[in-house]
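Chain naming follows the written order as A, B, C and D, and within any one chain the residues start at number 1.
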Amino acid sequence: MDARAAISELVVANRVVAQLKLVDSFGHVTVRNPENPQRFFMSRARAPGLVTKDDILEFDLDSTPVDLRGMRPYAERFIHGCLYKSQPDVMSVCHNHAHELLPMAVTKTVMRPALHSAAVIGHEVPVWDIRDHFGDTNMLVTSNEMGDSLAAAVGKGKAALMRGHGSVIVGKNVQDAIFTAFYLRLNAEVLIKAMSMGGTVTYLSAGEVDQSGELHSQAAAQGRAWEDWCAQAGVEKLSTS
Amino acid sequence: MDARAAISELVVANRVVAQLKLVDSFGHVTVRNPENPQRFFMSRARAPGLVTKDDILEFDLDSTPVDLRGMRPYAERFIHGCLYKSQPDVMSVCHNHAHELLPMAVTKTVMRPALHSAAVIGHEVPVWDIRDHFGDTNMLVTSNEMGDSLAAAVGKGKAALMRGHGSVIVGKNVQDAIFTAFYLRLNAEVLIKAMSMGGTVTYLSAGEVDQSGELHSQAAAQGRAWEDWCAQAGVEKLSTS
Amino acid sequence: MDARAAISELVVANRVVAQLKLVDSFGHVTVRNPENPQRFFMSRARAPGLVTKDDILEFDLDSTPVDLRGMRPYAERFIHGCLYKSQPDVMSVCHNHAHELLPMAVTKTVMRPALHSAAVIGHEVPVWDIRDHFGDTNMLVTSNEMGDSLAAAVGKGKAALMRGHGSVIVGKNVQDAIFTAFYLRLNAEVLIKAMSMGGTVTYLSAGEVDQSGELHSQAAAQGRAWEDWCAQAGVEKLSTS
Amino acid sequence: MDARAAISELVVANRVVAQLKLVDSFGHVTVRNPENPQRFFMSRARAPGLVTKDDILEFDLDSTPVDLRGMRPYAERFIHGCLYKSQPDVMSVCHNHAHELLPMAVTKTVMRPALHSAAVIGHEVPVWDIRDHFGDTNMLVTSNEMGDSLAAAVGKGKAALMRGHGSVIVGKNVQDAIFTAFYLRLNAEVLIKAMSMGGTVTYLSAGEVDQSGELHSQAAAQGRAWEDWCAQAGVEKLSTS
């Protein structure tokens, strides 16, 4: 995939996350520049459901814009730059406030997968609390120092919850990041209801997380969802993806 | 913005609150007349999703209609007049019964923000109980005396829940009132689920409420949601807003 | 309103209850013949969302069809005939299994209104258990004996829950029955969440039920919802209603 | 019904389960070949909402494809083959991960019907845990040995939950399988909420399960839902069904 295709796919991805309600008017998905791993593409500050090709900007890994073309960038671009720096294999990052996972984030519950398709979130999803590191803030991740702290919480993992705020998810490509975001949210929803009914949750075993996570990270599984989601969002699946 | 633009924006606002399901067939949003702060605009008694320009009426701050043109006003217009009187900086008021926040209102839970975007609701949202002040009623706010009592509960704040009834939210403009109403509802939904799962909620600190509230009150944040919501409602965003 | 207009309104009502998801493929709404109070109109056995004028049949108050025209009637038409017999002022009956109120019906919780707009359900909504009166059955109300038992549980009230099954609601006209069904469901949803979060519910006082119930039974309130619901269902509001 | 009609109906069924959100991008519904009971029809590996006639493949009861025509089969086809082998009267099988029933599956709650229309699920729905029989796996049913184990858990019943995964439902035809899947999910949703509110659930009695299950298994009941669901999915109901 070249840079031009990556940008096209990023536009599709923005429509998909809006259609899936993984984002409301806030949240963002980005892709690393496949032609230059020291750069990534991200929309200007705009609701994901409205993003077009002309909104896409390029940033270096310090989240400095290459050329703003008169547009306003997202304040939280540092989330993305710092995760691309921290995990060289990561090609896509999604930051969202999906409404259904927020109860987990405000109770600071460390989440583990209980669903086979949610094995892609890994063994545990930590909760990063900006206040633990930076005291009282406006809660946005608006500097490289903050982004690095969040990236350290993610470690080599796939995701973190952000206390009182939302979540961040990384992927080996756009489909992987969104697939993981989708099943992270579903895992949260299911656990919240299971706990509410007073049940004892049977989580996946470590071996199941490894094996089912491996399976659901494959293009065969993720491509099936991607074709479906693109159709639901009314956008063309890229032939290059 | 002149009066004519304010009326156009009010029509858009009615469509937006219907699309977002902040209102069902009941509830209302109003705007202060920018040309005459002793007056405000409000639809005739009609479901917000159906409101057009021809439905808009003008009222003074006692909620007396300037000219009914043969139409029936909302019985609860006093909520609006009294809040415009009480808070001179308020330019828009929203009264709604959003279904998802009602469990808070029937349990009289004083709500605090646990989400960064909900910091706009302020440090606490009080529950005003009409019965405490007026005994048994039909529960509607149908006089200036009742409206003043509700406005006193809101004080210098942004919102109040109304026991067994709904909520009221004020804003420095239409977008601000609806943005606050949207995240008031989300905060309620998230807290209800968090409490149901038996979790201990971490609320925003006082400093976080101040800083995140300030941030999410800015046009940069609210305008992003507004553009998105207008598109979802299929209405033109006003160039003047 | 003549019989012809009542039939037209009944078709509209079927579309509305389907659009509001008060019914899924099952459930029914009926209207008493305004020209002959010993008769009522009801669709043939069909999902409400698909009902047209040609599907409407007429029944006497024993729920015997006047002329089936080769069509199959609903097995539970006795619910309707018996309620029209029992309450001469009732002009419309709705029987539904709205998904959100079913948790109340399986726990046999006697419901009271906690929302001002739900005051129309009356002071208490009893739970009628067919097993208490008829032992093991297929749980459908398929005879006048069963219908009379259910009507006795409703008494002079507006509604009853049916254990393990759903609800029945009566109205002074079609709008009234559907309005009451809508807010019966909302009241159930809100109470279920309030109880789940461990809160202490403040119910309406007896005086509030009376005064708010009176207010929300008026055409001014119900007509506003009706205009909105007809627009949502894409059907013409009848000028005669 | 001949094989050609069965294939047409299977395409319709795929659209219906997608429209009803019984499946997301995963899950599948199949039909036994009415001309050869040792064979069944199933889509290639694709999201159900996108399935067309050209996607349908044929398998024998060992789930070996008759002719793949260059397409990739679902990995879990063994669920279907083994259930057709185990229950000769079964003509259709549905495997889904309907989001709303998953809390039951992660808490390993043995479900019983509390709703009259859910009597079709039978007296009890067991939870099959792949780990009990096969240790750590990727949790997919990818062999005849695994499929036989699941089929044994279903026994002569209508359904089983699969721990951490989803559910499987059998039917005497496509409508029956989907009808049962629909009310299995609703029963789960209602029970989860009833338990969350701390209520004591009144389940159907054994006699009620038998009588109401018999009633809701009839074409009169299931056909009403099927006509409705086909209309909602925008597909033609087959005249042959």
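In the analysis below, contacts are C-beta pairs under 8 Å (C-beta built on N, C-alpha and C of every residue); 3 or more make two chains touch, one makes a residue touch a chain.
Every value quoted in this text rests on a predicted model; they were computed, and no experiment measured them.
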**Complete:** Joint neighbours (subunit A and subunit B) are none
**Message:** If you apply the touch rule, which chains end up adjacent to both subunit B and subunit D?
**Reply:** A, C
**Prompt:** Interface overlap for subunit A and subunit D, more than half of numbers shared or less than half: same or different?
**Reply:** different
**Complete:** Rotating subunit B onto its identical copy subunit C by a Cα superposition takes an angle, to the nearest 5 degrees, of 90
**Message:** Roughly how far is subunit C from subunit D, centre to centre by C-alpha average, rounded to an integer in Å?
**Reply:** 32
**Message:** For subunit A versus subunit C, what separation do you get between their C-alpha means, in angstrom?
**Reply:** 46
**Request:** Send over the residues of subunit C in touch with two or more other chains.
**Result:** 191, 196
**Prompt:** What topology does the chain contact graph adopt: line, ring, star, complete, or other?
**Reply:** ring
**Message:** Once the touch criterion is applied, which pairs of chains come out as touching?
**Reply:** A-B, A-D, B-C, C-D
**Asked** subunit B touches which residues of subunit A in the complex?
**Response** 24-26, 45-47, 49-50, 72, 97, 99, 102-103, 106-109, 129, 131, 135-140, 163-165, 191-192, 195-196
**Fill in**
subunit B partner, complex, touching residues on subunit C are 114-117, 119, 186, 189-191, 193-194, 196-208, 210-212, 214-215, 220-221, 224-225, 227-229, 231-232
